[in-house]
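The next part holds the structures, each set out as structure tokens.
Both complexes below contain chain A, partnered by chain B and then by chain C.
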Partner chain A sequence: MKKIKSIEVLAAKIRRWIIEEVYSAKSGHPGGSLSCADFLACVYEKYLNFDSNHPEMIDRDRVVLSKGHCAPALYAVLALKDYFPLNDLKTFRKIDSYLQGHPCMKSIPGVDMSTGSLGQGISAAVGMALASRAEKYDNWIYVILGDGELQEGQVWEAVMCAAHYGLNRLVAFVDLNGLQIDGNTATVMNVGDVAKKFKAFDWNVLSLDGNNVSELDMALDTIHRAKTDKPTVIVGNTIKGKGVSFMQGQYQWHGSTPNQEQYETAVSELDAKINELEKCHE
Partner chain B sequence: MLGEKLDPRKVFGKAVTDLAAINQSIVVFSADSGKSSGFGEFSREYSDRYFECGIMEQGIIGMASGMATVGKIPVFCAIAPFVTARPYEMFRNDLGYMHQNVKVVGRNCGITYSDLGATHQSLDDFGLIRLIPNVVILAPQDPTEIKMAVKAMIDYAGPVYMRIGNPKIPVLFEEIPFEIGKGRLIQDGDDLTIISTGSMTATVIEASKILEKNGYSVRVIGLPTVYPLDEELIRSSAEKTKRVMTIEEHYCDGGMGTMVCELLSDTKNVTVNRLGIPKEYGTTGEYADLLAYYHLDLEGVVQSAIRFILEG
Partner chain C sequence: MSNQVKIATLEAYGKALAELGKDYGFYVLDADLTKSTMTRFFKEDFPERHFNMGIAEGNMMSVAAGIATLGKPCFASTFAVFAAGRGCEQIRNSICYPNLNVKIGATHAGISVGEDGASHQAVEDLGIMRSIPNMHIIQPCDAVSTKMAVKTALENDGPFYLRLGRLTVEPVYEEGNCNFLLGKGIRLREGTDLTIITSGLMVQEVLKASEILKSEGVHCRVIDMHTIKPIDAEIIIKAARDTGRIVTVEESNILCGLGSAVAEVVSQQFPCPIKMIGIKDCFGRSGKPLELLDYYGLTAEKITSEIKSFIE
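Then we have the complex of A and B:
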């Protein structure tokens, strides 16, 4: 129970910093960053084997943010886990900052793969899982996909390959928030029943509330205990903009940034959430 | 043995397989194309390092990138346009941008897949890949250079694109260490510098003999590395002969000839003539017929050189 609370606190702090980053940059993608914050918090708080002092550790667990535009969420959790100073998050997207608009593994400690062009990250994650298994490493590879991203054909090449090679230490999280830049995913290009599609590709599938830390924790715990020869996908039903009242469920917040008033409202909501959680935690 | 004709794909595959015996990091990706790429022996000897992925070239580039982050040295060979033009963005983002230690080899390059038509010919691969920062481009000129180039590309820590052909090619050179970025002065001369790359160099060497017999003194430079160019050798040759003719199995636009023009753009009193394929979709037919059709056969090269020397 104690661990669940600490995951919730971390998720709230990630959200708080997402808002700080996009407000400082006056650009960025808050909607999808907020929706995947709970999964990132869960993985980094409880499951990931990493050492922020040695980010190059070869047999580390790895995280690939295939939906690279949600970099604010990844940067926030990396800073909160001491890969780099929290205040650097305010340089997000600024000239000469190492925190570019999309994650770059060459310049940002803790970023395991450069991403940005959708559909490409999962191929890299499959390669990592193949190589790690060949080296007999005991590590896990996590990849985070957007639901709009599933429209990219390359995703399904990688999904097919992961099943073919039985990559049982590959865990995909589909951030199924149902919205993309132009509107509802179902109307832009319907990705259909995501769980069924992955099942048809011979993956283990867990469907849950992707903004519910307890459910995520149970799913990851199950995956870590399971004896399986298949990769696993967590299809997480999430809310785009989760945690900020006026952003929730609004596709317009895919790539918009808050003005000062909206920033203050968002910060006040998230600070209140953090305070509330930390009080409970005590 | 000098003059012996060998299959470039088999030479390439054997070179990788031989190195794999001493370098455990080498892995091979196949897009339903491994055996045609010369990896039959590798797939049998090192089945745990041979990854068949079926027909998904763009996905393989990404997977190779992921493997490289775990310390592997992936080698991926398939038909040239399918590993360059098709997965271009993956090449740029997953290999170039991250300077990943992945080796991509385009086989059946240029018009060597002559009878398969435009979809299978690669007349733009130099031009495409050279625009991706920091990717080495190799085009070895004979079987000996293929073998040595494979070793050099495996030893080099970073992304490499190498192109090889399909028909058997003659052994032109004795074995010497391959240095990335170094050209080869094959013959000295005063009237004209001919710069060639890949399998065209064999034709240029023959052409230079005919030109010599006809009283023309030709300086011949072979480039097994297209990027980075051997700037010093090219500049000094251009300054000496004032006339430079480039020859490649590639579009005249955007390839090695264009790179030479860019390099020499600030050199006074030098004229460059580029031979290659006009920017159009290639026709089909026998390889030798296509070379003649595009004036890249022995007669075409000789006539182009004489015309250039006489008419400027």
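Then we have the complex of A and C:
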């Protein structure tokens, strides 16, 4: 139970820093960053084998943010886990910063794969899982996909490949927030029944509330205990903009940033959440 | 030399992978073409390090990138037309942007593929690959230099595009006698009247052309520019200075290929007249490889006559 609270606190802090990053940059993608914060918090707080003092540790677990535009969420969790100073997050997307608009593994400690072009991250994760097994590493590879991203054909090439090679240490999280730049995924290009599609590709499938830390924790716990020869996907029903009242469920917040007034509202909501959680935590 | 065994550079590539697989811990991917790209030799010897990706070249390039992040080089093989075409954006974003150790074995390059026709004849791949930052490009001309190219790609970090042919070719180099250095052209013939800079299976044609020209009193310097990126500016400038005229010959679109790379150096550092011989911005067609080389003006005889009209 204690662990669940600490995951919730981490998720709230990730959200708080996402807002700080996109507000400082006056640019970036808050909506989808906020929706995947709970999964990132869960993985980094409890499951991931990493060492921020030795980011190069070869047999570490890896996280690939295939929906690379949600870099603010990844950068926030990396800073909160001491890969680099929290204050650097305010340099996000600026000319002299190493925090590039989309994840760049060459300049940012803790970023396991450069992403940004949708569909490619999951293939890279498949490569990591294939080589990790061949090298006999005892590690896990996590990959985070957007639901709009599932429109990229390459995703399904990679999904087929992961099943073919029985990559049972590969865990995909689909951040099913139902929205993309041009509107609802259902009207832009319907991705349909995502769980059914993955099942048809012979993956283990877990469907849950992707903004519910307890459900995510239970799913990851199950995955880690399971004896399986298949890759696993967590289809997480999420809310785009989760945690900031006026951003929730609004596709317009995919790639727009708050003005000062909106920033202050968002920050006060998230600070209140963090205080509340930390109070119960004590 | 003509009594020596002819071998395609792609076959030499397949055999080099298997041979070097003993000493170097790398991975190999293929896209349902293990018999054509000849990565099957490696697969037979090292099945645990060879993965067939099926007919999905885009996925293959990003999978190769993922493998390379674990610290070991990964070769990804398919026909050049699919490697540079279907895999282009994956090569750009998954491989070249993070500067990962992926080596692309692009076989069946150029029109000498033959009967399969234009859909399978890459003429644009050099242009595409040259314009992506961090990419290295090597186009070897025979079996010995192909093995050196594979070894060079393994011993140097970063992405490489190895442009390989299907047509069997005569040896240019003898085993143990090929001074192959990344980014350094090799002077094969000395001459003072002009310099011919070439690469891949055009090297053999150019050597024949230079013999014909020599018999007519025209003495050509011939350079095997096996590394197209980074290009050897030094050897090009010296050629411009010493011989005053340069001809480039390539089995590739005349736009953005070897000729362009040479012209970029010459025009900015030591201007001199240049003649570019290659595919004249058009698609290939079906036919036998040698018929196609003739059709597109890439035989020794046709190269000779082009050069003669250039220097007249």
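Quick note on the criterion: the second predicted complex is superposed on the first by the 282 of 282 C-alpha atoms of A that agree within 3 Å, B and C clash if a C-alpha of one lies under 4 Å from a C-alpha of the other, contacts with A are read in each partner's own complex, and residues count from 1 in each chain.
Note that a contact is a pair of C-beta atoms (placed from the backbone, for glycine too) under 8 Å apart; a residue touches a chain by one contact, two chains touch by 3 or more.
The shown structure was predicted, so the numbers you read here are calculated from the model rather than taken from an experiment.
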{"item": "Three-chain arrangement built on chain A, chain B and chain C clash or fit", "value": "clash"}
{"item": "Which of chain B and chain C A:278 touches, first, second, both or neither", "value": "neither"}
{"item": "A:127 touches, of chain B and chain C: first, second, both or neither?", "value": "both"}
{"item": "Partner chain(s) touched by A:113 [first = chain B, second = chain C, both, neither]", "value": "both"}
{"item": "Chain A residues contacted in one complex by chain B, in the other by chain C", "value": "58, 62, 64, 104-106, 112-114, 116-117, 120-121, 123-132, 134-135, 154, 157-158, 160-161, 164-165"}
{"item": "Chain C residues touching chain A - in the complex, by the definition given at the top", "value": "27, 48-49, 51, 53-54, 56, 58-59, 61-72, 74, 89-90, 93-94, 97-99"}
{"item": "Touch list for chain A against partner chain C, complex", "value": "58, 62, 64, 104-106, 112-117, 119-121, 123-132, 134-135, 153-154, 157-158, 160-161, 164-165"}
{"item": "Chain B - residues contacting chain A, complex", "value": "27, 48-49, 51, 53-54, 56, 58-72, 74, 89-90, 93-94, 97-99"}
{"item": "For the chain A and chain B complex, residues of the former touching the latter", "value": "58, 62, 64, 104-106, 112-114, 116-117, 120-132, 134-135, 137, 154, 157-158, 160-161, 164-165"}
